[in-house]
Every structure is written in C-alpha cells, then in structure tokens.
Amino acid sequence: MLDALGIGEVMLRLAAPRHARLEQADVLEVFPGGAELNVMATLAGLGCKTAWVSKLTNNPLGRRIARAARANNVDVSRVVWTDEGRIGLYFVEFGCGLRATDSYYDRQGSSINLLTPEELDWEFILNTRILHLTGITVALSDNCEQLVRTAIERAKAAGVTVSFDVNYRSKLWGVERARNTLEDILPQVDILINTNADNALLFGIAGDPEDAIRRTKERFGVQVAVLTLKNGGAIACADEVYSSQPVFTPEVLDRIGAGDAFTAGFLYGYLQGDLPRAVQIGSAMAALKHTLYGDHAPMRWEEIERIMAGTEGEIRR
Amino acid sequence: MLDALGIGEVMLRLAAPRHARLEQADVLEVFPGGAELNVMATLAGLGCKTAWVSKLTNNPLGRRIARAARANNVDVSRVVWTDEGRIGLYFVEFGCGLRATDSYYDRQGSSINLLTPEELDWEFILNTRILHLTGITVALSDNCEQLVRTAIERAKAAGVTVSFDVNYRSKLWGVERARNTLEDILPQVDILINTNADNALLFGIAGDPEDAIRRTKERFGVQVAVLTLKNGGAIACADEVYSSQPVFTPEVLDRIGAGDAFTAGFLYGYLQGDLPRAVQIGSAMAALKHTLYGDHAPMRWEEIERIMAGTEGEIRR
Amino acid sequence: MLDALGIGEVMLRLAAPRHARLEQADVLEVFPGGAELNVMATLAGLGCKTAWVSKLTNNPLGRRIARAARANNVDVSRVVWTDEGRIGLYFVEFGCGLRATDSYYDRQGSSINLLTPEELDWEFILNTRILHLTGITVALSDNCEQLVRTAIERAKAAGVTVSFDVNYRSKLWGVERARNTLEDILPQVDILINTNADNALLFGIAGDPEDAIRRTKERFGVQVAVLTLKNGGAIACADEVYSSQPVFTPEVLDRIGAGDAFTAGFLYGYLQGDLPRAVQIGSAMAALKHTLYGDHAPMRWEEIERIMAGTEGEIRR
Amino acid sequence: MLDALGIGEVMLRLAAPRHARLEQADVLEVFPGGAELNVMATLAGLGCKTAWVSKLTNNPLGRRIARAARANNVDVSRVVWTDEGRIGLYFVEFGCGLRATDSYYDRQGSSINLLTPEELDWEFILNTRILHLTGITVALSDNCEQLVRTAIERAKAAGVTVSFDVNYRSKLWGVERARNTLEDILPQVDILINTNADNALLFGIAGDPEDAIRRTKERFGVQVAVLTLKNGGAIACADEVYSSQPVFTPEVLDRIGAGDAFTAGFLYGYLQGDLPRAVQIGSAMAALKHTLYGDHAPMRWEEIERIMAGTEGEIRR
Amino acid sequence: MLDALGIGEVMLRLAAPRHARLEQADVLEVFPGGAELNVMATLAGLGCKTAWVSKLTNNPLGRRIARAARANNVDVSRVVWTDEGRIGLYFVEFGCGLRATDSYYDRQGSSINLLTPEELDWEFILNTRILHLTGITVALSDNCEQLVRTAIERAKAAGVTVSFDVNYRSKLWGVERARNTLEDILPQVDILINTNADNALLFGIAGDPEDAIRRTKERFGVQVAVLTLKNGGAIACADEVYSSQPVFTPEVLDRIGAGDAFTAGFLYGYLQGDLPRAVQIGSAMAALKHTLYGDHAPMRWEEIERIMAGTEGEIRR
Amino acid sequence: MLDALGIGEVMLRLAAPRHARLEQADVLEVFPGGAELNVMATLAGLGCKTAWVSKLTNNPLGRRIARAARANNVDVSRVVWTDEGRIGLYFVEFGCGLRATDSYYDRQGSSINLLTPEELDWEFILNTRILHLTGITVALSDNCEQLVRTAIERAKAAGVTVSFDVNYRSKLWGVERARNTLEDILPQVDILINTNADNALLFGIAGDPEDAIRRTKERFGVQVAVLTLKNGGAIACADEVYSSQPVFTPEVLDRIGAGDAFTAGFLYGYLQGDLPRAVQIGSAMAALKHTLYGDHAPMRWEEIERIMAGTEGEIRR
C-alpha cells in the first residue's frame, strides 16, 4: 500500500540562470515541477512509498519528467502516455533583492487536459493512505476539474484520506471563479491546506491565525485544516489547534516549491499520527526548501531534525 | 528603400547542449530562428538594408526575438505586438556521426497565426527590392497561407520581386497538401528556391540537375529557379543555367540554417545582378553556415571570398 | 526627433565570474558598458527613442558593442567606424561582502580618442530633446575634452538640453584636474548630475543635502541640479527642491551602472516634465539596477512602478 | 518476472570536460557507470523489465548512483545499503584524434567488496529470464569472485540463463590470473560475450572470426558465444553462426560503454528469440553509443531501426 | 632560508556547484586543499618564502595538487612522489542560509600515510623560520602521528619555531583520542592555535576568552597561544594578551579555509615580530577568506590593510 | 644549471568558446600564451629545468601569467615587474572545418616593450644550456629587437647555445622588414627553426625539403637548421640530414602552439644529443598538441613514445 499518491500536471520549468532576464538568457535551466509531484518526491526522499499519476506526451520532454520522478523514487508506472497534446512549460526569471521572481506559463493544451477518469487505474490509485490533490489542477480546464471531482469522490468511497492544497495561482484563474469552484469542492476533502493570505483573499477568512484556522475548519467541515503564515510558521486545526515556530532562512536560493515542501512535511507528520509535530516538520522543510534549487529537492531527515532543534551549524566536517 | 524584407515566424530554438539527449538535458541553449529572419539577418550582416515582419507576443520570449533581430541590424519596427498567442518553440537534439539531428516543434497557437493582412504596414513592406517568403509560413495555418497569398499579390501589384523558398517540412504538412497548395502559389513568385530532393519529392522533377532546373523554371513559369544539391553545390536557371562548384566543410558544427544561408548568398548576388556569382556565393555561405552555431550567424565578406577562392587556410595571425 | 542622444566611450567589460579573482579566472564574462550608452539603452527599453554616437574600431570587439546597442534599440547608425585605434577594455573583479569590487582600465589608445567633431553628423545629433554627456569623456584625453566642449556649444546653439553626469573616476584623473576642467564646463550644461560625495570631494559642497543641492545649482547656474545620496535616495533642484525616498535592495548582484540607471530614470521623468517623479523614478531604477547583471539591463515599467509603490512582492505566478 | 538482472559494481566516473587533461581540470563531469548497470539501463530504455543488484554506501555518492539507475527505470529495490566502504571512482581523460582516452581507477575498498551472498534477496534475483554478469566483478576481489560463482550456481539451479561478458580490464588483473579464473567460470555460463581481441589475448583463440567463434563455443561449451570485432561488426555462434554488418560512425563523442551497448542490443534480440537479428542490433547500438555521452544513454528503437536500415539521415524536421 | 614550511596532506576537494546537493550534481568543482598548504600558499601570496612537503601519488590528481601549489609560489621540490597509495578526496556540499555546509571525506589509504621520516630532506625542511603542523595530520594514522612527532622533535633540536593548529575534525577522530594525543604533543610546540570552541570541547578550557587564553598558554607551556573566537575576533597570549576587533563580512561565499587564513595572517604578523598586529591581520584575513572561493586564495596586502582600516568601500574605479 | 631559458612576451589569449564568433561571445576563455614560454613549459613538463624571463605589469593579468608559468614548473623568479605598460592580449576565434581560426592582436604598449637589457639578471640567464628566442620578439619594437640582439651577443660570449624560431607573424611585420632584420640576426644563432612555407616566403628557399634544409643551413651558417613541413613531418640538418615521419591527428582541438610543441620536442631530443630522434619527437609532440587545448599543455613522455611507436590505441583501462 502506498503512503501517498498525487494526481496533477508537471511542467518543465525553464529558468534563466543566475537572476538573468529571460529576454537576455542564452541558456535556460530545465527542471520538472508540479505541486503534486513535488510533494510525492519529497515524501519519497524521506522513505515514504509514493506514486504520481498524470498524462504525458510521449516525447523527450515527457520522458524527461518521468525520469526525474523515478530518480526521486516516485512510482510513475500508472502515468498515461499519449502521442497527443504537449508538455506544459513555464518560464522563470529569478528575482533578487527587491526584485520579485516572475513566471510565465505556457501550458495551454498540455496533455493532462486530455486525461479522462476512464484511462486511470483506480485500483492502483486508491491503494494509498493519502490522495493528494491541488487547486491548480481544478483551475486548468473543465476536464481537469472533473478529474479532481471524480478522484475525490472515488477516494471518499474507498475510505482514502484526501489532502488538498489550494495553491491559488492568479495567472490561472480569478478570485471569483476560484472561490465558487473551491467552495463546492473543499467540503469533501479531509485535509485542507492553504496560505493564510489566500485564505483571506479567496474566502474572506482573515485576522488572527488561531481564529482563522478554527473558522476555516468549521467553514469547510474538514478533518484537518492547515494554514501557512507569511512569517514562516504554520498553524493546523484538527481536534485542537497546533502551531509551529516560524522558521526563517537568512539566504534564499529558490523559493519556488516551498509550499509543497511544507505540505510534504506536514503529511509526513500526519502519516505518523503526530499533528503537532507535523506542523513543525512542515515549517522546517519549507525553510529548507528555500536553500535548495528546484521545485523540489532531496531532504535528509537528520538535517530536518537539526533545523528543528536549531543545531544545524555552519560546517560539518 | 530596403534591399529585402521577410515575413514569417521566428521560434525560439531550445537545444540540448553538446549532442545530449533532450530527455537528459539540464540546460537548453536558446537561439531565435526562422527561415525568413535567418535570410534577412545574414543579408544585413553583409551590408544590405533588411527588415522582418511578423506578429510577436509581448513577453520576454517575444522581446528575446526582437533583440536578436535588431542586434543583427534587421529592422523590426513593423512587427505587430500582441498580448495574445504564444511564441513558438522548437526543441533540438544535435546529432553526431551516424546519428541524425532531431527536432520537435511546439509551435501550435503561436502569434503569427493571429496575424491578419490588415494589421500590416504595407507601404513599408512594399518599399523593398525583394520580398522573401517561404513554404513554412504557408504550412502553418489557413490564416498564414492567406497572409502569404496576400503578400505575393500585393508585391506583384507593386512591382516588388518575390523570392520564395519552398523549405518543405514533413513535420508540418504532408507531401500531397504541400504539392497542391504550392502548385497554386509558385507560379506567382519570381525567384523559386528549393532543394533538388524536395523538388523531386513534391513535384516529381527528378534526374539530371541541369535538366531538372530547366523543367522547374518552365513548370512554374518563374523568372529564376534555383535548386540546391546534396553535394553542396547549386544550380540556377534564368535566361541561362548557372551552377556552382560543390563546397564542402570537413567538420560540421550546426547544419540548421544552411539552406537559409544559401538563400541569403544567392539573393546577395542577385541584388548585384550577377546570377552566376549568386550561385557561387550561396554555396560558399551554405558551407560556411555549417561551421557556425545558430540558425544564422554573422558572416564576413572577406571570409566568403576566401572560401570561394580556396585561400581560407588554417590560422590567420 | 530623438528623445535623447549620448556621446561617449563604450568599453568591453571583462569580468571574472562569480566573485573570482582575475588572476585565477579561466573565463571572463563580456559585457559592453559605458555611461552614456547605459543611459540610452535603459531609456530605449522604456520606450524612448535614443541614439548613441562614438568612434569604434571595425573589428569583432567593435561590432560586439554595436550589436549590443542595437539589441537594446539604440540607434548606432551614426557611429564612426575606423580601422585604427582599439576597443577599450576594463577588467572587473566582483567584490563580495566586505570585499570591494575592483576594476582595471585598459583603455589607452581607444578609438574614441581619435574622434574629431568634423567626423560627426551634427544634424542628426542635434535633432534630439536631450544630449547626454559625462565627465568620463572629458577625462579621457584632450581630444575628447574638446569633443565634449564642441558638443555642448553646438547643443546650446541649437537649443538642445544638455544633461551632464559628472561620473568622477579617480583612476582616470585627479581631483584637481577634474575640478579645474569641470568648473569651466558645468556652467554651460542644463542638467547637472553628480553624487553627493563627489560633489563634496570635487567642489567642496558638503553638508545637508537640501542645502548642498541649492548651492550646487547656484554655483554652476544650471537649470536643474541633481545629487544622488549614499542612502539610495536623491535630491534635485530646479525651481524647487524635490527629493526621493531612499530605495534599498537587500541583495546586490551587480552595482556597476546604478548611477547610470538613476540618470536614465531621472531623464525619463524629466522628459515627461515631472521633476518630483523623476527623482523617485531614478532612485527606484538605481535600486533595481543593483539586482541585474551588466552595466545596463532591460527594465520594465510595471516593475519600476511596483517598486515605487512597494508592491513588488516575492513571486508572481 | 524480470527480463534481465545484473549484479556488479557501479563507480562514479569523474571526467575532465572537453578533452582536457585531468591535472588541469577545474571541474569534473559526474556519470555513474558500470558494465552490468549499463546493460540493464539500456535494456530498460527499450522497454524491458530490468533490475540491478549491488552494495552501495549510504552517502550522497551512493544515492547518486541509485537515482541514476531509477531514472533509467532499473529496479534497485534490492540493492544492499551499508554505512561502510566507499563508492568506487574512476577518473577519465577523453582522448582526441591520435591521443587515447585514459582512465584511472580509484575503486579499492568499494562497498561491493563487502557484499556477501547471504545479504541478497535470491528469490527476487532469480525471478528473471537473464542474469547478467561480467569478468570485472570477478577481478575485483576474492569476495566478489565468490559472489559471481555463487550467483552462477544458483542461476543454473533455478534454470535462469546466465549471460557473461568477459570485459577484460588490464588495469584490474593480469592475463594469467584472468585466464585461469575465467577458464573455470566460463563453462558454466550460457551466453559468453567477449571481444575478438581479448579472446585471442586471454585464450589464444585467434584467426578468422567464423572459425574463432566456433572454437570459442566449443572450448567453453556455452549455449551461445559472441565476439565483437574491431571493425564494428560482431559474430555469434549458437546452432549456427550469425554475423553482422560492421556499423561505423564517422564522429565519436564517447566510446566508453560501447561494448555494454552491444551486449544490451544482443540480449534484446536474444530475448525475442532472434539471434541473427540480435547480432545486428548489438552492432547498431554499439555504434550509436559512440555518439552519446555517458557510460550508457537512452536509445530509441526507431533510431536503431533506422541505423540498421541505413535511413537515419542528417536532420529530421 | 624559508619563512615557513608546512607538512601535511592535501586532498582534492570535489564540490557540488552553486549549493547543489552532491547526489544531484552533474559536475564537481575541483580545488586542492589542505590546512598546511593553505597557510603556505596564503603566506607566499603576501611575499613570504614558503614550502610544502608531503607524499603524493604520481598520477594526474597528484600532479594537479603540485601544479596548484607551484602556481601559488609554494616550493614543492621536496614532495616525495610515489606510485602507491592514492590522492585523498573530500566531497563538499555548500550550505546556504540555515543549511550547513557538509563534507564527506574519502581519504583512506592516501599517500601521506605511506610517508616515513627517512624519505624526507630534513636539511631543507629545517632551513625555515617556522615549521607549521596541524592536528589533522596527527589524526590521520599512526604513521602520520609519528611523522608529526618526529618533525617537532627535529625542529626543536634545530631551533625552528613550531606552529601548531589544532584543527579538530570530528569526522577524523573522537574527542577523547584527540585530547589524549594532543595533550602529549602540544607542550612541545611554540605557537599553539585553536578555536575557542574546540579549546573548550577538547581541553575543557571555557569561559571568558582573556581568561581562557591565559590558562591555555599556561596549561601547555607554549610560547604563544592563540584562540579564534566565534564572533570573528581572536585573542593571543605571549608575554601579554592581545586581542583583535571582530571582523565580519555580511556575505559569505566559501567559509572553508577561514581558519587557515587566520593562521597565515597571524604568522605573517609574527614573522614581523608584531604580535598585536598579528592578531588583527589574522582576523581581517579570516573575514576576507569568507568572500573568496577555494580552501585558499590570493590576498592582496593593500586590501587587507583597507579592511583593517575600514576603508575598503564598494567599488574601486 | 638550467636546461633551457626563454625570453619573450606572453599575452593573455582571450578566445571565444566552442568556435563562436567573437562578436557574439558572452564569455572568453583565458589562456596565457607566448612562443618562448610555451616551449619552456612543455620542456619543464618533460622534466627539464627551465626558466622564462620577461617584463610583466604588476596587476592581476600579469600575475595570471606568472601563476600559469609556475604551475608548469617554469622558473619566473627573474621576471622584471613594473607598474607601467600593460599586458598584451590577443583575441581568438577558433575556426571549424573550412573556416580558419582567426586572431586579433591587442598588444601595443605591452610591458615587454619597456624591458631593457640592464634590468636583467644576466648571470642567471646565461647559466643555461640553451637560450631560446623567436622572431616574434624581434618584430615587436625596436626596443625588443635590441633586447634580442643583446641576448644573442651575450649568449655567444658565454658559450650558450642559441635556439631561434622564426615564427613569422604577418600581422606584426611585413615580409620585407622581417627578411632584412632576420638576415642580419640568423647567422648568429646556433639552432634555426622555421616552417618550410615561411622559409620560402621570407628567404626564397623553396623546393625539395632535403635540398631546402641544406641550403638554409648553408645560407645562415647555423649549427643546426630545422624546417617543419605542412604534412606534419620535419627535417633537420646538422652534420647530416634527418627527417621524421609525418604525424597526423584525425581530429584537431586547438592547433595554436603546435609549432612551439615541435620546438620543445626538438630541443628535448637535442639536449639528449640525439638529432634524428629530436626530429621524431618534435613531430609527435606537434601532432599531440593539436589534440590539447591551450597554447601549451602538459605532455607525458609515455604518451609521446606510444605515438611515435604507433601504439597509442583508443582507450586505456
């Protein structure tokens, strides 16, 4: 039985190196990234059994993604391959100092939009402790929204825990459409993860985090609600409310994927049945992700423990 | 007055470095390339006044293309900018030895498909000695085919010489569609350029080059017909038949764009009114292009002259 | 009519990568840079019509500079080409933390020193709203000083606004020679730009910035005086005194050219007739420049606006 | 059931880039390579189910190897992990023209030398159609020799076909020790693969290939004997003798691993029960490997077919 | 006569570039580093005459080390060359922000472990003002410990000042073994250098630095005791106690070797007979080292002086 | 006593990477090169004691050169350092196939032009078996010509063998000036080295090599005359005539410095008193140099022997 399985899109991220402008870049760095795979890859690195399911175009770009997933020990044997569609791309320009990181999606017509529930091996998919989904897939197309709804429905029927990260992307959909759609979907998930800021933006649940998390759990009737905070901490609400110390890193290499690292850490703690710890692990891993290049990266448990304990130090030799 | 103006698509070529497999590449090299711009850039490097017209999405990728064109001294002031569409891409895996170079187009929905004749500054466009078009644009979409037809029509009405390079791409359209469409278009152009092989494939005009070139000119009723030969030479037919010595380079760095380099060289000679020389220049420049990276590259006239004279040597110091 | 035109030298900057020592570097990064071109390129990126005039040796290094200028949409059609002289170079070793960035000029005998007023197309040059010059050119040689004096004289006669950035370089000339020469030249310019520190060093105008800027304007009788401050702010004096908020970037990628970015921003505001805004724009663009590699770099107006408004954020997606 | 499983060492190959001398290299390119994994990875790329078994030190270098194997779809779930030993290394200096490629082993004390038969999951290992072993493992240490002997014994008992590639390495053992040991081992394998040259060097079986292959099969009593020839061809002997056309590539990027590519191709044909074809496929894949960087690389079946058919061409677009 | 001579191991440091994980790195950056050579190279860069003695395997890796030492003007003419052993390696993963730099030694069986006192040219070695040794060599093997003891003995007999940097490495030996061995060796050295932290850890001499340094000098009866402090300062005790201002760099490029840079700076001051200054120089050079890549790097005296005077600034031009 | 000492200029070669055009290069590869140092470095790599003398500007570029020379074990302790002048540069664009390698000198005003005989340590310089000089130095300036004349004079007086490589550079001086000057100098040298082609161009000694070499020796009255031939061979004439087999390399990485590699090889054989062998060694080393990057590179004696014996092979493992 798998510990966790994610369904979603992976794009190739094409990034200008060293903070360069995309319009001046002569090379682009390639990295496969997608919220659900990021979580699965990070969990696999910590020893969990995970899989990722999607539809990929059978060309070198699609194979590039599968290679990366497998390297991270994520099972991709149930990915559906097709000769149609294309691999989504997103172009990234890393910010620096007061300049923000900017991204440009080029994902229209990507193969996941062609994926239908009938093509999937549901027996495999539902043989997992956690099914992880995100709002990004919902935003992609009607077809993808339907895919997510079907997956949640089947998971609930099979007694699989559904984890859902809102992951609001303003370049994909507007606040109103997101709110309307998500308000319908969220009540059916078990674990709801969001940023505090998007929670306020989308659902108007602002104010004191401890208060906001309670209201969020109540509003959507989920088993566990989790909010990540701007200050590097997080807060969760199940039977009780648990919150983490903010974890901050003085130097940032690549902040993309930090939210997914949090989610991976939280689910890792959740799988061990320790929610207070889950919030701590998530915060530490989100901070650690800021220091590693790529949408996801191998993390070592000893390192995470040292970061949580504040004993990581400067050089180990 | 311009010497030459091209209308067409430019894609960003994203190539795996050093003969690597695309599915293993961690960086991709960026180079803007498109048949018509390649010819304009090469001509501009030799001192001609040239411009290139297209429709570009106003994002860093579109600006990347305009920067490159301007660097090469090609006027892009009449490019139409849009917030819609996307910049076409093509992924390249450079071959080596017995392994072929492979390419993967990802150009659907690119901005040139949104370009309509009404958006163009025809006064500017028709103020040129040569208007250069290619079969690639015709193959892209109905809209683009219409654009080419309109351009040819207006050029003829304005007395502008139309140069047309067939540039058959089997990944864009089949032989039959290409033949049917081109048989309708080619009789209206002035200078028709093709490879000997595609001339046989598309129009069944095979056999002895000198014979083939005569039949080609006759078949389409063009002012000048030009065929490039597998052996590195070329042959042209206007009033008389002119052919070049094959020019061969013992080492190949990047053969993409060699046909466009030939065309640039041929048009350079044509603009000087010397057709026999035009065939020679084209062959030398096609060979030179094989030794330069990118779909097009700066070429120096002295160098071309030395190559034609066989005095290039090994080191100049 | 041009918005702005600059006359001056552009050198190739050869920089050791990644903070390395020049004596250990196996590769050097090439970037064309010169105060006047930096300003013109940055203005062109914001949509202004600009040109740059100089004398360049007709070899690959000279052509490298022209390519870069054209890529940035700066008109270089009136650059004078020569087979004599050489392209000036400067070697850069990027500092880090407490270690300063160091530079080594190798610009003696460069082609601009061979440029005489008679070679220039003054009709073209004077068809501009602003003529931009700097103290660097004055410092290069007697010939260059004469060039600057002639340009100012002709501009005044033609009613063209002269902008002059003192840009004091201690590796080019001493304080005394600079003071003597500039005291003669500055009263003839319209817009005088300097750093607060050099204003004190060269002209002894120290103390409170608001006081210093008034005294500077009065001392040289210019239309507008501008001082950039160590804290990232700036102050200008025309009819009134306007000052900007300091803009600071917590991470610095390349501080070379920040002064030129300020100047570009200031002139951009000046061209729109809004001096208070000009000071703000300049400060924001100077800060932004610190986060971009190269003596100049493309800047996007939306980005500058967000920086001025404090809404730039961390990731845009 | 697996198609093939290999047991052996994988080292990290650290190669000076671009034909540089190791003593001048400032960076080294990392590539995990080992004869048995090379074969498994290549087979997996063609769609076979394969696994690789070894003992790896649990540090980033060991994990580097496992990541690469998994990326290539090779099952490494039965690799034995240890905190002892080290990951073997080999340093490579790529030759050029008349200069040979040179290699320096630094593999003493590597973890595979600590691997004992008892640590292995034999049930998993023997659930395969082919067990692939090489003479390299035999040469490493007494322990490794014993491992190979045990594996062969168990495979024979389980009815698993044993493939054995002699892979003589003069830097590991002398001719005499190799001969004595191998003469004892080879009679127990089913498929024996060797180069014609080493066959002569080690066993004195020289002369006409057709004659040599018959004598080799007879001498060791194997089911299939295969010899690769200097000219790029190969010859095999089972019931009959089959030989391939020499396949040659005019440009060589990296010849390391060409023998393993041959073996993969041969076994691929063998698994399909077509020995004459197996010899052809092996030769084509050995030639193709010369054009790809790394000890092994993804190969596409269409490409191999085109190479065998002589229709690969120059550019596909 | 030499100013200083060091005996010890140099390893090749193989570092993942740009903060990457070693298990994801496709290239490794090579840098020869070892505490004793680091000190000699840095001193030589400041104009001292220095030499380094060790045993190196005669392969490209060994020659790589000798080339680097000679480039830095360190005399390696008395290095003993051997065909046995191997060159020690250490793999480095540079940390970032809250993530520590990690290192993995692969130095077992390295050639220095084969070095015996009889192989050395003691006449050359003892013709120096300072003999520099470190605790690393002591920790390597019994043989190396014996080498250090012999060297100290001979130096004392010859009246050569012995400098000894404890350089405790927990990955090489435990606290207890280190303490026992060092307590026996340290009383025989003249200059004892340690970090304050390791002084507490190994010898239990904690608390107020001024107090700790006095107790350290007394405990081991050395001529000069030096402790570097966590805050970037240092303190020394000879006849009196001297301490430096903490020197801090706001940005860190590579902190490896900072301790050796301190030692070089301290010995530089010591050689000039100015202990108070020696402590200052050492602190400035340790801070400067943090901004330079590599275990050691060229430092310029003017730069060090400017750092001590606080006049280094931002750009020099 | 030294085996050989060279006097001459070393420039920094700044080369566009991978056959790129200089005007498109964003990085330049740095390599210190100069005919005399190339020979000394190569000889030192083979175990000879060598030194190189020149005048270098004391900046990072000058120190870059000294570091490289020392890394190669060339004694640079007698280089004269100055704060004046500059380090000469030359820009290289590597050719490919039919396109020639091109170079652009930027060496005017370089520090060697400021070197006067009085500044040199002649006692050190003349304590050598061979003093090596080239025509390049003669061509640089009157001052340099005088330096060469003085050196030859003093060497003759001291009984030191003078080796002189004509090394004609058409970008430095014309045929006539070269002929006039060299005809005066050559009769005073002992070993005269030239290419067959330049021997014809400058001195009109064309035709059959065996005849040409005799006439050359006679014409200038030298002890040994050596001519390198276009086909990769060489011929020498002392008491008798000796010639080598042409040595050819099928792939060329960098042909710059091949002549200096020949000279190093020839002098290596000469120092061993074996002229026939000297010609062979020189030819093998010239061919080997074509496969190594840089104006000079480490060569291994075993490799040279294998090349001469034709046993180098393809991979050594």
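Residue numbering begins at 1 within each chain, and the chains themselves are lettered A, B, C, D, E and F in the order written.
The rule is short, and it goes like this: a contact is a pair of C-beta atoms (placed from the backbone, for glycine too) under 8 Å apart; a residue touches a chain by one contact, two chains touch by 3 or more.
Predicted model only: the values in this text are computed from it and were never measured.
Participant: Mind listing the chains that sit against chain D and also against chain E?
Facilitator: Touches both chain D and chain E: A, F.
Participant: What chains touch chain A and also chain F?
Facilitator: Touching chain A and chain F alike, sorted by label: B, C, D, E.
Participant: What is the chain whose Cα centroid lies farthest from the Cα centroid of chain A?
Facilitator: F
Participant: Fitting on CA atoms only, what is the rotation between the copies chain A and chain E? Please report it in degrees, nearest 5.
Facilitator: 120
Participant: Using mean CA coordinates as chain centres, what's the chain C-chain D distance in Å?
Facilitator: Centres of chain C and chain D (C-alpha means) sit 62 Å apart.
Participant: Centroid from C-alpha atoms only, then distance chain A to chain D, rounded to Å. What do you get?
Facilitator: The answer is 40 Å.
Participant: Provide the C-alpha centroid distance between chain C and chain E, rounded to the nearest whole angstrom.
Facilitator: The mean C-alpha positions of chain C and chain E differ by 45 Å.
Participant: At least two other chains touched by the same residue of chain D: list those residues.
Facilitator: Touching at least two other chains: 21, 23-24, 26, 63, 67, 298.
Participant: Viewed as a graph of touching chains, is the assembly arranged as a line, ring, star, complete set, or other?
Facilitator: Chain contacts: none of line, ring, star or complete; other.
Participant: According to the definition of touch, which chains form touching pairs?
Facilitator: Per the contact definition above, the touching pairs are A-B, A-C, A-D, A-E, B-C, B-D, B-F, C-E, C-F, D-E, D-F, E-F.
Participant: Flag every residue of chain D that touches chain F in the complex, lowest number first.
Facilitator: Residue positions touching the partner: 18-21, 23-24, 90, 95-103, 105, 169-171, 255-256.
Participant: Residue numbers of chain E touching chain F in their complex, please.
Facilitator: 63, 67-68, 70-73, 298
Participant: Using the touch definition up top, name the residues of chain E that touch chain D in the complex.
Facilitator: Touch residues, chain E against chain D: 14, 17, 21-30, 59-61, 63-64, 67, 86, 89, 91, 93, 104, 106, 108-109.
Participant: Under the definition above, what is the set of chain E residues touching chain C in their complex?
Facilitator: Residues of chain E touching chain C: 247-253, 287-288, 290-294, 297-298, 303, 306-307, 312-317.
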